[in-house]
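Here come two complexes built around chain A, the first alongside chain B, the second alongside chain C.
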Partner chain A sequence: MTVTRLRLASVMPLLVLAGLCVAISIAEPRFLSIDNLIRIAAASAAPLVLALGATFVILMGSIDLSVEGSMAFASAILAACVANANGAGLDLGLAALPLVIAAAALFGALIGVIHTYLRVPSFMASLGMGFVGLGIATIMLGGERVGIVDESIRALALTRILNLPISIYVATFMLALAWVIQNHTRIGRRMLALGGAEQLVVASGVNVRHVRILVFAIAGAFFGVGAVLASARLGASSALVGSGQLFTAISAVVVGGTALTGGSGGVLATLLGVLIVMVLNNGMVILGLPTFVQQGVLGIMIIIAVLLNQPIRGLAVAK
Partner chain B sequence: MFIRNFMERSMIDRRRFLIGSALGAGTVAVSAGIWPARAAGTYLLASSIRSLSNAFHAAWNKGAEAFASSVGEGYSALVTEGNSEKGIADIKALLAKAGDKAILGVDPNDSPDARPIVEAVSAAKSHVVTVWNKPSDLHPWDFGDNYVAHFSFNGIPAGEQTAKSLFDTFGGEGGIVALGGIASNTPAIERKAGLMKAIEATGGKVKLLDFQDADWDSTKATNIVGAWITRFGSDIKGIWAANDSMAVGALEALRAEGLAGKVLVTGIDGTKDAVQAIRNKEMAATVDWDPIWIGGIALSLGYQAATGKFVPSKEPQEHREFYGTGVMITQSDVEDYWKTHVEATPAIDWNDLWGRVTGQIKYS
Partner chain C sequence: MTKFAGTIPWLGLIAAILIVAAFDASFLRPMTLIGLFSDSATLFLMALGMTWVIYIGSIDLSLQAVAAVSSVILALLIPQYGMVAIAVALVAGVLFGLVSGFVHGVLKLPSFIATLAVGGIAATAALALSGERSIQIDATPRTDSLSWAIGRTLDIPNEIWVSLIVLALAMVIEQMTPFGKAMKALGSGEPAARIAGIRIQRTKLIVFMFAGLFAALSGVVLAGRLSSGSPTIANEFLLPAIAAVVLGGTSLAGGSGGVLRTLVGTLLIVVARTGMTFIGINALAQQIVFGLVLIAAVSLSAGRAQKGIMK
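Let's turn to the complex of A and B:
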């Protein structure tokens, strides 16, 4: 009985996604047009990369609420490192990207340090640091939206290869990278083990603090990449570049089937979660549903997803 | 160092305003949410605003700062971060410190907040001016001289005028889509009402294909416009947005499809990137509320009432509850606007308290 429910729960997101696509395309066939699918993919690029970062932290049983602040911070660093509308700063072009990602990773690592060495719960440490990131971005940008005029950065959203915006390739690469980190690296296994049974990890002599800090740093790097994609799409850097992304990222992770208690789920589940949320967003506009209905549907989806995950969660606790 | 150089440019680059020296003193304090009062004079001036992260309130803060330094008084910015409780608590803390010497310019986070704020200020015998939000049955004249004034901007003509200039871009016949703000906000309701009025006036020639609330947010606007392009394709002749953030988001969705400049967009608020988009012929119009004036004049009203330059209770009602003036910017006058308002800094006469009054606020 438990086993059947477990299997059902893990394929559920895929069924939900397929069901949504079928239902929407019956009501409006243009939903399945190539152009629209590309639009959904382009809109999903930044949220996917952000949700992947959040997935790692959730897998190890912590939570990272700094998504919006980390993005603001990375976005401000990006604006300072490339050609921008205020005319100051460095003009590094694509060479700015490693800098931005490194800065975002350091920011994440700092959250990890506060969480582990100062023993602040992860939701508080990341929430606090998120506000710090927002503050830094506000100061750096003077409260303005600073336009990004660097062609190579804008190209991420505007240039197409084989009719697909470059941002989609970047997101796909980050997905592959996340999959490799999760399944084929030591840190990936330890991260999952931490979420499943922390005591066992401690007993086997692993330095849990270092694992946690490294995972927060990896998540930070992913938020950095997400911030670059979001800024490229908006054509501007702003302290508000990430507004609403925390909710999208966490709900995508949960809808995909990764348990908030940690230890189960993964990056492919998150891909499904992001696609479900973005297909819903796109589909509901295409169907012409009023805004308040859309928000209601999204809220109900999240609750259903959490309910569907419950057998897994029960198992984890029973262990 | 380049980061410092970049930050200075961001501050200086702000539309129409130069405060060179504020950077050093301000940077550390912003993140704490409250700016320490500088150069204490007799009074303590303060603005209570949502955040310093959006262009509108950042400019508001600059104007307030400029007024405070023009009269040599201390100034602090209280930031609500969208939290009503925090907004009210910070004001009470300020009153506890300043007593009857506080002068406040407040953008209440939500309409009901105005009442406890005004009551606390009156009890302390300080002076307050509210902007944008207040309950319709709360009036300055019910509080003697301490609730100096309330002013707002009428969103109906703004929504109507930008809609009309949008219709002109496609010959006044065809379909449009529209992006609204947070549905319960008064400006969102008024601006939408203006749009509807303009559509009605075309007698069916302009059709509203769909209206969605994008909650003032760029990213949401981009995604919604993407889905609209799928749904309506070339039936979309123009996009109306209730503010500039959403207009710029819509513009980026059009750009990704190679439609920027072909389908025009309008916004409201007059942010710099929107004005630039009008210069690029990608947006048709926006309306400038002049947040620098708002921030400064709110404090000037309170300060002049506190120092006895005028007695609020002796002023007519249209000087105590009034609409300010919005300036529409279109493609035909954007170059002049750019020269006078972006490249140069128009001087604002803080003593001209009523110069921009366009009538008493009407509550339906």
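Let's turn to the complex of A and C:
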């Protein structure tokens, strides 16, 4: 029984994605036009990078609800480091990116420290810090939306190479990076081990706290990159730059097939999940359905996906 | 230590009131305080629902969307159906709670993901029903059907009476019924509660249904106060509601705390918020303080949590 469920769970996201594409293109052939496919890819760039960050945290059995706050924080740092509409930015150009990513990684590490050393459950630590990030961004930006005028940052969303926006290349690079981290680094293996069997990891002498903090920091760095892409697309920095991204990121990870209990799934599953979410979104737009229906559909898909991915008796205590 | 734990939030509340009063003595006037407490009634009602959810060791991230749905339902139905609209709005809240409780309790999804998903469904329902806009409630139906919530009795705003009555009922349920005992057992330790013969699934269902009911009531009172129902009406409520519960002393690890503590927690939040506004801290920036306070309160109260659930 369990075996069939698992097999079904691993093929399911692919079937859902294929089914969605077929259904939408039958209803509206324009869906398959090159322009539209590029549009989907461009719209998926930031959500993919964000969902990859969330994937790492979920793989080790924790959760990060700080996506929107971390993005707001990173976006505000970005505005402070590049030429902005207020004229107060440092004008560092692309040199701002390492700073933004480092700041976002530190923010993530802080969540990890609170989670591990103060023993606050990760959903609460990240929820609280998410609001802290929103607050900091609000103060830094004076509660307003600050336009980003730096050409090199805007170019991430506007300039095209081979007819594809640069953001797509960035997202692809981050996907490759995430895959390497997951499969070919020590932290990647420990992260998966932690999600699969924490006691064994502890018993083998690994400092679990350091692993958790590092994973939260890596996730934070990914949220930072996602925030840069989202700000470039928006052409501005805003405390609300990540609005709605938490729901999208978590549902993409879960719908893609990564188990919330940790240890199974991964970055490629998340790619599928993001595509499902974004194809659904695009399909609703071109079919003329109101986009807010998406949240409801995703809500139902989250529940089904989590059900398919969790062992039947494993979660006797579901907190 | 545990003996005094219950009094710390009360002392904190008195200290907070005195600090704010030191900046502006007019804060201590009865009318100011009464006004403050009536403004906090909607937050308190939502926090009440959150209390039992946290008390049994779960979380409900859907409550602000549930409050929004019921405010929209109320605003849509009240011109024609009057008081019946209130009943429908409350039933809708209970139903969303039932779905959350079912997904969490019976299907065994972790509560944060179950309620995140149900919250998405509720938000969609609110947007669809309202056509993505705010719906006005005219003066006549408002005075006819909602005066119990927004008028004054004995010179005290009815929001306060409603809060106190609901609080009294909730205390009776929590302290004097088998359901209350079942909640406590469940929060203290689910495996032990199961062995003791507590019906876990039924208890969880009822807890989430109450959370939905209180959130819906919060949405109804909010719609009455603002003369409108809207899909975004309760958007800033989730963090303060969780913070009110945790700050009052209900432990996230479950099993200790209760609705009376949430009253103190809510008052603390509201006084702190007023104080920060006095000093001139922007409402959105206040989230920094609430976020940190939330983490601090959880880390101080989580001492007895088993390591197993600290994911």
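Couple of notes before you dig in:
Operating definition for what follows: the second predicted complex is superposed on the first by the 301 of 319 C-alpha atoms of A that agree within 3 Å, B and C clash if a C-alpha of one lies under 4 Å from a C-alpha of the other, contacts with A are read in each partner's own complex, and residues count from 1 in each chain.
To be clear about the criterion, contacts are C-beta pairs under 8 Å (C-beta built on N, C-alpha and C of every residue); 3 or more make two chains touch, one makes a residue touch a chain.
Quick caveat, the model's predicted, so the values are computed rather than measured.
When the two structures are aligned on the shared chain, A:Ser33 is found in touch with chain B, with no touch to chain C.
In the superposition on chain A, contact of A:His184 is made with neither chain B nor chain C.
By the touch criterion defined above, A:Gly135 reaches both chain B and chain C. Using the contact criterion defined above for the overlaid structures, shared-chain residue A:Leu158 touches chain B, although it does not reach chain C.
Once the two complexes are laid over each other on the shared chain, residue contacts for A:Asn281 go to chain B alone; chain C is not touched. In the superposition on chain A, A:Leu307 makes contact with chain C only, not with chain B. In the superposed model, A:Val254 lies in contact with chain C only, and not with chain B.
Of the two partner chains placed by superposition, chain B and chain C are both touched by A:Phe292.
By the touch criterion defined above, A:Ser122 reaches chain C but does not reach chain B. Shared contact residues of chain A with chain B and chain C: 131-132, 134-136, 138-139, 143, 239, 292. Considering their complex, residues 61-63, 65, 114-115, 118-125, 127-132, 134-136, 138-139, 143, 239, 247, 250-251, 254, 260, 262, 290, 292-300, 302-303, 306-307, 310, 315-319 of chain A touch chain C. Considering their complex, residues 57-59, 103-104, 107-114, 116-121, 123-125, 127-128, 132, 190-191, 239, 242, 252, 282, 284-292, 294-295, 298-299, 302, 305, 309-311 of chain C touch chain A. Those residues of chain B lying in contact with chain A across their complex are 2-3, 5-11, 13-14, 26-27, 30-31, 51-55, 57-59, 61, 180, 183, 210, 212-213, 217-220, 222-224, 226-231, 245, 248-249, 252, 255-256, 271-273, 276.
Residue ranges on chain A touching chain B, taken from their complex, read 28, 30-31, 33, 35-36, 39, 42-43, 72, 79-80, 84-90, 131-132, 134-147, 157-158, 165, 230, 233-236, 238-241, 243-245, 278, 281-283, 285-286, 288, 291-292.
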